[in-house]
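Here come two complexes built around chain A, the first alongside chain B, the second alongside chain C.
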Partner chain A sequence: MTATAVTRRQTAAPPAVRRSFIERRLAMIFLAPTVLGMALFTFLPIIGSLVLAFFRWDIISAPQFVGLDNFASLAGDPTVRVSFLNTIVFVIVAVALQLGIALSLASMLQGRMPSWLRVFLRSTFFFPLVLSAASVSIFMRYMFNEQFGVVNWLLSLIGIPAVPWLTSPVGSAAVVVLVYVWQNFGFSFLLFLGALTNIPKELHEAANLDGATGWKQFRHVTLPLISPTVLVASVMAIISALQVFDQPYVLTNGGPGDSTRTAVMVIFESAFQQLEFGRASAIGLVLTLLILAVTALQFRLSRRFVFYQ
Partner chain B sequence: MTSNKTPGQPAPTHPLSSNGGLSTLTRRSMLGLAGLAAAGATVGAWPRLTGTDIPGRGSKAMNIAILGTSADAAARQGLVDAFKAAHPGIPVQVQAIQGADWKDFFSKILTMVAAGTPPDVVYVATEGAQLFADKLAEPLDDYIRRDATDMTDYFDDVHPSLLEAFMYQGSLYQLPLDWNAANMYLNTTTFEQAGLDRPKDDWTQDDFTTTLRALKKARPADFTPYYWTNRLFGGVVPWLYANDTSFLAETKSSGGSWFWDRFYPNDPARATRGGGYQWLAPNAEDGRVIETFDYLRELVAEGLGVRPESGGGNALVGLFGNNRIGTTPAGGYWAQGLHDAGMTSDQFDVQFFPRWRTQRHQFGAAGYAIMRTAKDKDAAWEWVKFCASREAMQLAIPAPNTTPTRRSMVNASFYSVTGPRHWKVFYDTLDRFPTSGPIPAPPQQAAVETALMKNVSTAVSGSSADVRTAMGTLQRDLELALRRNS
Partner chain C sequence: MSSQTLRSGTATGSPSTTTPTAPKAPGGRRLPAAGSVGRYVALAIAAVLTLGPVLWTLSTSLRTPSESFNLPPSFLPINPDFTAYQEVFKQINVGMLVLNSALVTGLIAVGQMASASLAGYAFARLDFRGKKAIFSLVLATMMVPVQVTIVPVFMLIRGMGLSDTLLALILPAIPTAFGTFLMRQYFLGLPNDFAEAASLDGAGPWRIFRSVYAPLAVPGMAIVGILAFNFHWNEFFRPLILTISEQNFTLPLGLVTLQGNLGTGSISVVLAGVILSMLPALVVFIFGQRTLREGLTAGASK
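This part shows the complex of A and B:
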């Protein structure tokens, strides 16, 4: 054996270390496209939008630094105020309905029924989620048309006069919530279905033996056991609802007046219609902070209400 | 343990492998192959990744953006071919950009500008004329002066009001090719059922209300006597103009004499022509504006008109074609639409918009604008000039899906298949009512339109007192809209 060979053997890394090094490199190679994509299309735009919030920019002219002017103007803008208020009310009503309906239907499907019916209902409840929100909203706009819509025609058969669904503040808000909930409860429904299926039957049987049935069993056995899923479902539902855009944009275009105008609609209008990209970024930043605050609050409250097995 | 090894064959090197070739493929080779595949895919997708497959990018052809689908672009192929025959040295490419409306289309053009891929020429309607003139478009003044002799034929054939709509601060930015006034379409079937004749040319707002009541009486169910939509064209503005007012104070800038004196010296309205319209201040709280909105509110409250958010577009054509609508404001473009919906030429007709304090009409028009960033502005001007020729306009507008700006093309032959019987109303609008004006669209048009639309719906949905409140809100929103981005 030569001296060189000895040295090489001494300096060569052990096979396990070498394998780990190769695996790390491989992991980096495989992750690189995703990381690069996220950096280019998520993180850079976030930073860009943060910076843009302090500028006035209409795409055509050079950006002009305006300090906090964009934020100051938001405070005095009634449209922005109303749109945020609308968004908050929408989130409260839509999320409550979405989770309530999803949980009720998931619980219903846990009951006794033929398996074909269970499969059919499961697919039916999930189906709206795979549809395009814009297409559904266009279709619903025809359905709820005051003069010629199917809904008012059906109501007229039982003597109810035409309801201004999309042309009155209350009617339009109700339709936006209805269409949104109908289209989105399927996701929460699937989460709840999975969680309910995972509850051991023995626990319900034991509860039955102890005399806890119906609401008591749901309240004290089922709900605590699915509480982590309720937390996840509610966090996702709230984040999604805070970003509602398609339904009000297509169904009512924010009207009548500002009654169904949401925060994301104002961001869209400011940026892509009124060419106020700085103002749009400032509104986006405020909305992001709101989403972060609400999510943080949810996790904080979850310490008291969520039961981890 | 038994072996299934065939005698004489070497044992597989891996218990799961039965293929000696694959078994020799090491992880390194696999990675190499994967790398090669990725490189191949990258090369294959390079035009997409780099965006060079985007029409116009990397091409020396003049890129012309229009609002529409690829079918609309294909429909212009005859026009493009004729241009290429006349100008073989200028390659041209028409790029159709889809949009829900003009506002949406302009947003996409601006996005292209921001992306560094602006088109060279854009088809722009009055809604965006001042936005483009203010920020994006090249004035045509020098070209028009240079080719004045060639252009005389066009200006002799086109009403000056249409040109004035594209003047901005004394310069002309576009040559209008098609236009439409907000006339009143009449469903003759429903008029006959109500025992009504076609109204007179100078019918009034009161006549209009009486007509609607008669129509409603004849068809009490599943029928709307007056259908209007919440938008700039054909919405509340025609009524504001008829009442001699507008939601924005309208003035004209100075200048433009170079153009009017040269091309329209005998225009009866020469004294009123200027350097282009200006909408600098809101006027929503004007008494006549409030009066107009209150009238429309009363129509809605009485069931004579719909709330203006109810719809439009194809749905409106379908409803009109099924005799569920009695009247609606629209322009010459509707003739082809109604014909396509199955209406014969005697099932609909058209009349001027009713008179209130005036019978001033609202119109919209469109034409090509040369972008300041155009690669070859001289070539772009050749396109603009060619499209204004009679030959090109006949290729571009073969059927009445809009109204050509050349008076000579608006004739009996043009409407022979579709109707309406009184097609002359379309161009006569400008002659009879020379103060007719374009849609009020300052450079801040998008914000102004948003403010108008949202407050129109509120104004006409409540009580008379609500109208005043809504106009106060509109005034505030317009002030904000005009102040921002100014």
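This part shows the complex of A and C:
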């Protein structure tokens, strides 16, 4: 299929057929590691999870079919109920803070500013993203310590008495939110920064000439233009917040009581501490449904509210 | 963190602290100088709140273990003391943790770069039946949270006789939907002419990939590799479940265990470990920030 294929490429069917055969075989080989890997480590486990959710199994004795018992018992289990409620409240508060902070900071970087400062600030807000959530939670746990923590020390300087951050239900929930947002706002910030930088300057100039400045301009010019990014950033933030684990596990281990226990912590505890693998799978499926619902909502909302150029 | 969060908390969806000051500008022509003071103050507060905890961690790790929890706290390492760094090496096997983390992260990164390049190339430039369907299936795996598959994966790993080995962490992490997506985009962005030219020169599909497109896709592979590094170096959930004995722990897991053992006894020792674990991330941050930024935001821009 070399020189001849070139000179007779209109009529030479055999080389083309042979070529496509080689190409198909090559495609199979190229796809094999990814596709077989996913079949083994993602699709098979999904099926496993679906099946397991209808069984009671502690790994040691034989699995026992229990029908919908695992799901039915979830609703009545106070720990599961509280942890899902915690997760939803956490998602609402953390995502609102994360997006609010990110969009504020990204807009503030838009105006005139020395470029070294812009680069410095962008790097600064990005920095927490490269740290591990476990490490961050380790040092934040010391910072929020009631007696010797630096946070309470700073508060004492302005006369605020020591706050029991990690030992009170509200305090510990607040710490989990703050630590999570501290580490993750940089991601939404990057998305917003990219979207804001892409808005053509002329649009702002035109708006200025029409007398639309400040908040008006933001509301009627900037926000519609970045609405696709706002939606994507919200959905990504919601999906990752729904899976929060590292921070509450290290900071509070779900406590005090169940006040910072999250859905994923209950999956972890059911499976690997109480050895109730079926139950853990059932909880995992409920969480997946939540995530799928958020994704489905994204598609519906994007048709109604998002302005595409 | 409080002043910043409070401000933005009330302004969800109604962001930009610059805006309230802007209308004061006469005519809206000139950018208001007074308005930018508020903007700079807000940005400065945000920067201090972002960097402050890291600086505190660094300077506290450089205090002597006995005085590390004394108040007032230290924010700048004025008289650095390295006792805590010697101590952390005695308390935990830092070398082994680093080696485990490096092995796991490195092999996952290399594995993802290779498998994602191959699959991405197949989706972008090769013709085969069922391409669309297979690609959708691959993308769909991005929506499945790891917590949902972890129980069956744990059992699968046990069944394969790999429980409590580093391979248990490495193998399941190599197939990457996001990496495949990125590499497909990357290959789609390369011009078609090269393939035609190479094919005229008699190169078969494999040669065209190996000698023409793969070398051009190195920047794309770098994005996949850096993303994999950043994610798996910091990963906590899977190592917590899939490793059992301390000799297979990765850094984050080892540090959490260290904090559990030392409690609030010698903060600086734990923080010294935290700082050590940050060093590779810092290297990525300094030398690969641009690549990492591109990779992180690539998923959002469709």
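As a working rule, the second predicted complex is superposed on the first by the 285 of 309 C-alpha atoms of A that agree within 3 Å, B and C clash if a C-alpha of one lies under 4 Å from a C-alpha of the other, contacts with A are read in each partner's own complex, and residues count from 1 in each chain.
Everything below uses one rule, namely that contacts are C-beta pairs under 8 Å (C-beta built on N, C-alpha and C of every residue); 3 or more make two chains touch, one makes a residue touch a chain.
Computed from a predicted model, the values in this text were never measured in an experiment.
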item: Touching partner for A:131 - first (chain B), second (chain C), both, neither; value: second
item: First, second, both or neither for A:103, with chain B first and chain C second; value: second
item: Contacts of A:141 with chain B and chain C, given as first, second, both or neither; value: both
item: Dominant contact partner of chain A by residue count, chain C or chain B; value: C
item: Which of chain B and chain C A:215 touches, first, second, both or neither; value: second
item: Partner chain in contact with A:285 - chain B first, chain C second, else both or neither; value: second
item: Touching both chain C and chain B, counted on chain A across the two superposed complexes; value: 26, 59, 141-142, 145, 148, 272
item: Chain B-touching residues of chain A, taken from the complex the two chains share; value: 26, 58-61, 77-79, 141-142, 145-148, 164, 166-168, 252-258, 261, 269, 272-276, 279
item: Contact footprint of chain C on chain A as seen in their complex; value: 1-3, 6, 19-20, 22-24, 26-31, 33-35, 37-38, 40-46, 48-49, 52, 59, 96-97, 99-101, 103-105, 107-112, 121, 123-136, 138-143, 145, 148, 150, 153, 178, 181-182, 187, 190-191, 194, 208, 211, 213-215, 217-219, 229, 232-233, 236, 239, 242-243, 245-246, 249-250, 264, 267-268, 271-272, 277, 280-281, 284-285, 287-288, 291-292, 295
item: Chain B residues within the chain A interface of the complex; value: 31, 103, 107, 110-111, 113-114, 135-136, 222, 224, 230, 306-307, 309-311, 315, 319, 324, 444, 446-447, 450, 453-455, 457-458, 461, 470, 473, 476-477, 480-481, 484-485
item: Sites on chain C touched by chain A in the complex; value: 1, 4-5, 7-9, 11-23, 25, 28-29, 31, 36, 39, 42-43, 46-47, 49-51, 53-54, 56-57, 60, 69-73, 114-116, 118-119, 121-122, 126-129, 134, 137-138, 141, 143-156, 171-172, 174-177, 180, 200, 202, 204-206, 209, 230, 233-237, 240-241, 251-253, 255-256, 259, 264, 267, 270-271, 274, 277-278, 281-282, 284-285, 289, 292-293, 296-297, 299-302
